[in-house]
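Letters A, B, C, D and E mark the chains as written, and numbering starts fresh at 1 in each.
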Amino acid sequence: MIHDKKAHKYGMVIDLDKCTGCGTCAVSCMSENNVPFKEDESDKKDSITWMRVYRLTNGRPFPDTEVVYMPRPCQHCGGKGDHGHSPCVSVCPATATDYGYDTGIVSQIYTRCFGCRYCMAACPYHARYFNWWDPVWPEGMEKYLSPNVSPRMRGVVEKCSFCYHRYQLAREKAYVNGSGEVPEEDYQTACTTACPAGAIVFGDLNNPSHKVHQIVKPDPHPDPLNPDVVGKSRNPRVFRLLERLGTNPKVYYMSEREWVRKMGDHYLDGEWDKVKNVYGSASHE
Amino acid sequence: MMDAALIPEGAKRCSFPKFMLGIAIVGAVLLWGVYAMLLCWFKGLNQTNMNDYYGFALWIWADLAVIALGGGAFFTGLLKYIFKVDELKNIINFAVIIGFICYSSALLILAIDIGQPLRGWFIFWHANVHSMLTEVAFCLSCYFAVLTIEFIPNILENRQLNKVPFFHHLAHNMHGTMAVFAATGAFLSFFHQGSLGGVAGVMYGRPFAVREGLLIWPWSFFLFTWSAAAFGPCFTLLVTRITEAVTGKKLVKDNVIHLLAKISGWMIVTYMIAKLIDTWYWAYYTAPGLGFELSHFYTNNGFYGYWILVAEIIVCGVIPGLLLINKSTRENPNFRLIAIILAVIGVSLNRWVMVLQIMAVPVMPFDTWALYIPSWQEVATTILPVAYGIILIAFAYRYLPVFPQELELNQPKVQES
Amino acid sequence: MSEIENKTEHGSMDGATAGTAEDPKNDTGLGLGVIFFIVAFLICFLSGWLLFPKLLYSKHEQPFNFDHVLHVEETGDCESCHYLRDDGTFSGIPKLASCLDCHTDEPMGETVDEAVFAAEYVAKEKEIPWYVYARQPDCVYFSHAAHTEAAGMDCKTCHGPIDETRTSRPYEENRLTGYSRDIWGKNIWGIKKNPWDSMKMDDCAKCHVQETGHKGYCFQCHK
Amino acid sequence: MKVDRRSFLGLGIGAVAGIAVSPVGAKLTDDFSIWTQNWPWTPVPPDGEISYDRSVCNLCPGTCGITVRKIDGRPVKIEGLDTYPVNDGGVCLHGIAGLQYLYDPSRVKTPLKKVNQRFVPISWDEALAMVTGRLKQLQEDQNPEALACITGSGQGSVPGLFNHFMAAFGSPNCLTMPDLESWLVLTATTLHGPKQTLGFDIDHSDHILSFGAGLIDGWGSPVACIQAVAGRKQREATLVQIEPRLSNTAAGADRWIPINPGTEADLAMGMCGFLLKENLFDPVFAQGFKGGFMRFTAMVQKEYPLDKVAAVTGVSAADIQKTATAFAKAKMPVALPGKGRGEGAQSLKEFAAVHTLNCLTGNINKKGGAFVKPLPDYLSFPDPVLDDVAQKGAAAEPLAASAQALVARIDQSDQSPVEVLFVYNANPCFALNDPSRVAAAFEKIPFKVCVSPFMDETAMASDVILPVSTFLEQMEDVPSRGGLAASVVGLARPMVKPVFDTRSPGDVVIAVAGSLGGGVAQSFPWKNYEDCLKQVAGKIWNPLTRKGHVIVSGRPPAGSVETDFGFLAENPDTLKPAGDQEFTLIPIDNFRVPPTVPAPSPFAIKTVSDRILKGTDMFVEINPQSANHLKDGGFATLTTPAGSVRVRVHFNDGIMPGVIGMVKGLGHTLNNRYVSGKGVNINALISPTIEPGSGMDAAYGIRAGISKA
Amino acid sequence: MFPFIFEWVWDIGHVLFFGGFWYAIGILGAGMTYCIVKSAIDAMNDTGDNHH
């Protein structure tokens, strides 16, 4: 494993107060990554959407109802203690998915995957999708497919790759420019660049000069309350999905609204009031 | 009869046409399953009702269940060859055949259950040793080899085959070295039965499944091995009982039955104690530690209510255990039958919970319960092994000396005539 | 015991001892067996080594012969035709357009190939359907920039001395996989003497381990 | 010697051994593994040089700048164009899915004519000959006004060409579909005089009072509006959303005020009355008020007292006061009319009343306010040459003021006054209320020509289809519209050669005109559309081609503004939803479902929630409090005076009790299996009501009943 | 599965896992070979017996 200091840790933070639920991120992702479509996509349990937008409500009756939209890409979990043993990576029997210690990105190799779906069972975010059918494009439409992402075949699992091909292209550009380093603006995911509200910020969580780092302020030390949790945000408005499981996602969410932040995880009665004020307090600045 | 030459010496068997008729009926079911299997292979898994929430479903449950039930083979073998419990020689052959059926079925179902069957061997070739499923695949296939080895001598004892000197000796020699194979089998079984439990236990993204454990092995690892050893023999006993009913003959002496039932009973009781502790610890420490109350995992919809917990642990766990350790109930044929049936249901229920309920329970706070009804293709392919098992048992019983005590127990009354 | 069983019993007894029944000491049977063994062995062994590779690959001639030596003399290096674009991506086999930087629909040389080129492609403004010896499958992402720019490697290390070829050898396509033979390599056992003899994942890994101390993560070379 | 069992044994073993020590095993294993990883039916997209090309999206009134990524000239991805004055890099899902429209299964691949209810392919020449033949007939009959034309939007040179053609041919019956822009023009004309339109400087305003305008649900220029709303936090602007349902805009707003559907106009009037009573209006700007301002003041105070308004709208008097006061006291307030996307059936009274609030605050043509600006006049067509037939026709009384009114007119008369109808870039047979009635009217028209890239509902009802290119295959000027503060003209450029045998609509018109000869031909002195565009857009042609866009009116417009209260002073009645049933059915504008043309893309449909569409079943939203016997997710029958459909019920706490919401834009019947036959077209449940003041359809909602199915 | 496979690393995990695996395979293989060979020899012998 490459464990040098310079290792990147790409992640994103999504401002749920800005998100309008327009679905542009989802379509930008589909179009960027050659995601197929079929006649009926209304069964969301077999509809491939690397980026899915969930609709959350506070459950209060009229007129106190509130709604917020939560875009959910692959969370690119670092796994317990952020050691790279993501729930899905550690279970894949054929090494068809791995954790890139140089980028923190979880890969998926379609030609290696043989479709046992263990990774899907292991992922609590339902971020992994199975190709139940062979992808078919209407006559002629395959002309818009991008060569940067290989189309998948029936019977394999696919998921969001943080548009890794854009990283590959950015790297090549950096090589010819001689710099070798990929600038923040040169590697942005398709959902990030597409979002009309600018709700998504993407970059290197390890790089203090990157916007995502400045918003999230990830805590390098394990959470004293739960040693499995690393990189907890020191921004009181920022949270992660199911953080308590110790999956250590690299996708952070942000909201002014308490009920939204509480939606991010499970809390026993009374726990929330203890936890909510602790946000960020675990920092050791 | 035309196939008399193949029938074990002195054994009484039904007429050949009658036999073939039975085979034909079951064969039809088999073909139905084969058709469904081919559909899944050629058209893909869209033939099933699985989805992205239910990536693991009926098939994986069937796998776990048959392997648990097939556990009778390794455990009986262990007792017979390692712990030298000699009476068991009278049932070991049958235990092995049942095991053979279960494991071959499991492998077949796995081969249907993967999206790219032709790449299935990647699990060995490009193995990721950190995955419990890899461990399952390896130990499963190795142990299947062991079962084949254990089955061969019995086949070679067929009256005609046995006349070939080489086969005759091979059978003999393999019997001689069987202890080594049995030991290896036990070793392998310990791991693959366990890793099947591990499959669920290591999914730390799924609070319903995840368990603490020892080193890399979650507690469910050991519970699965233990339960397989405990409940497997019950399945052996059940199938023996059914065979006796069908053939209308007594095939195994009661003392053997009682012994195995007793051992199984004590295994079940001890397992249930462990299981109760595990459940309690999980419900009161593991899950709450992740923010989940027990009530989160059980709904009032008919499929996933609390009843399943009660049914698995009390009705089909503790009760059969107690019935089997208690001499009077154990030796009473009816109570014994009830007990082994409950036990078989119990272990299947446990595997069911450890597969389907895990998939159904919502994990993200805003997620919902997933429901799933298998398609007929899934059902057919799951019934396929049953039909295949019946046929194999039928042939084995007809042509092989499976039950050493059969002749002795079914002597023609000499005093008459 | 019944009649039939009796018969079958003897019948199979004969069968069981047939091989040795007549005369155990006479080992012609065994001798013959040995001869048969040797013959079969040789046939299969040789066809496995000599015939199999022929059957496995189908040969395709390039549209017309291309003289690298000549072009290198004219242009000086590989990069003038096979260059990195400004965005760092690799141009690969030149398009007709870049040929036309020097060529016209007037043949420049006397060779037949030159004539074919001018008549068939330049005149008709048709791209030349070259077979690419080094083509990798779709799942592979390969960055020339990373190797030539960042690692400072030369073309030869992976592509061999193509610049010294005056003729285009036929392209051999694996009938089963559709891959170019260059990927597995000429040697049917996959034994390589030069670094460019084969281009499989293990070859990449070998070099990467030496140079970077790590095989690399999946996404480093896959898409 | 005797060949015996051992010989064969030897043979077998020898063969196996021979193969074993040959490379066959190893090689075939590897090749087999590779074979199972590259199935021939999985497409392999060709690689090549990456290039980026810029253009403008013309799918909706948004008119966003886009950049198209190409691989060796093959478009693979559409993204937002940075620094484009409308969307500055932003883009929406429909724009990104643009490439799907390019290869859409419902594209019309060649000209078609209808022969006993089936379409047969014909050549362009034949198609054009058919059309001109019919037109010549009209001229001979001295009846040019029997030609009518419906276009999608009024702006730009292509609609301009259609107008020019109608003028030259001598027919006054050129209509546009009711989009936000047409309502804004109507409002501006009514209040401030002709040849003007309204714009709203949302991204500088500090107090946005929206009367149901779905700022992040697709209103106006969707991306620009989303950006303006997203930037709200930084500049501490307030957004108050008034509408019966918790739309995404309401959910994102600082305050949501639920209101009885269809009473927005009354609320606005009530607020006007309150502001006037409290002297909370701008006296300086008020000097520009004329035409019955006094009458208006007296009228609103008499007719719209707070308690009465509160009773009608369901908004408490206190709330009205609070809201009105906050609005009037804000530094740069702006009030926005136009429910949902602001297109389709709206109400002039409502638009006028809401805009009057802007006038009262005096925040007109000031930063962060409402702009009263001249219609973009960058196009200069030559005066049409009219022969006497044409002159007679041109002088005739127009048949109707709106497409919907025209339909009603034809519907009522047993012999259609329209003999030839052109439809361009519009889908009236789907998008107008009560489409069955529209289809019936179409039946009566002897000859319908549909100029469209897609085989949509209207195309299917036509006699001849002239297939035109999509915005990615042709050049066209794209003026911004729909309430933007600035007026920007962008240039859409061909990103790819036409995929099918299609032409630019401009070329079609020019060709038809040419073959008609006479004055019409003289009025079209251009070789082709490009030549035409170069000349009519001459003023801005150079910067347009150089920069790709031109800002024709900077912000804010200069000059004083006069306001005429004549229309409102008469206090036109607010049209209540027709019918008398228990509930009110209102359309929901969902960002992911385009309402009119073109139909949704497969990607867009894929993003639609399974609480809107499940299989082919349509969901309607209803508040659990008023759902009484209905079950969430259960089936129900929804009945309105216009019709009755089977739907499924979705309990939504965010919709007012007594209101039923249904997403607009689904239920297409065109031949694209990814989009067709899914859900219900809500327009089929709403019967049009023509608003007297505007002559436009103002039936936004309708009374409805719902019961378990 | 074999040291020459791409995924193979000489770490404790692989050594233990495949150590166990090849050990088991070894035993089974050896056991069966022993049985077959011994049976073949036995068979030879007693066929020999038949003829003396």
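Following the convention adopted for this analysis, a residue touches a chain if its C-beta (ideal position, glycine included) is under 8 Å from a C-beta of that chain, and two chains touch if they have at least 3 such contacts.
Since the structure is predicted, the reported quantities are computational estimates derived from the model, not experimental observations.
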Just tell me the minimum hop count from chain D to chain E, counting one hop per pair of touching chains.
-> 2
Farthest chain (mean CA position) relative to chain A = E
Using the touch rule from the top, work out which pair, C-E or B-E, shares more C-beta pairs.
-> B-E
If you average the Cα atoms of each chain, whose average lands nearest the overall Cα average?
-> A
Which one of the chains is farthest from chain C, going by Cα centres?
-> D
Centre-of-Cα separation between chain B and chain A, whole angstrom | 40
Per the C-alpha centroid definition, the whole-Å distance linking chain B and chain D comes out as 63
Express in whole angstrom the distance between the two chain centres, defined as the mean CA positions of chain A and chain D.
-> 34
Provide the list of chain C residues touching at least two other chains, using ranges where the numbers run on.
-> 87, 89, 137-139
In chain A, the residues touching two or more other chains are 43, 95, 111-112, 134, 150-151, 153, 169
Where chain D touches two or more other chains, by residue = 32, 37-38, 44-45, 47, 50
Footprint of chain D on chain A - complex, ascending | 17-18, 20-24, 26-28, 30-32, 34, 37-44, 47, 49, 53, 55, 57, 59-63, 65-69, 111-112, 134-135, 137-147, 150-153, 169, 190, 193-199
Residue ranges of chain B touching chain D (in the complex, touch as defined) = 116, 118-119, 122, 125
Footprint of chain B on chain E - complex, ascending | 1, 5-7, 13-14, 17-18, 20-21, 24-25, 27-28, 31-32, 34-36, 38-40, 42-43, 46-47
Where on chain D is chain B touching in the complex?
-> 32-33, 36-37
Write out the stretch or stretches of chain C touching chain D in their complex.
-> 18-19, 28-49, 52, 56, 85, 87, 89, 91-92, 137-139, 174, 176-179, 184, 188-190
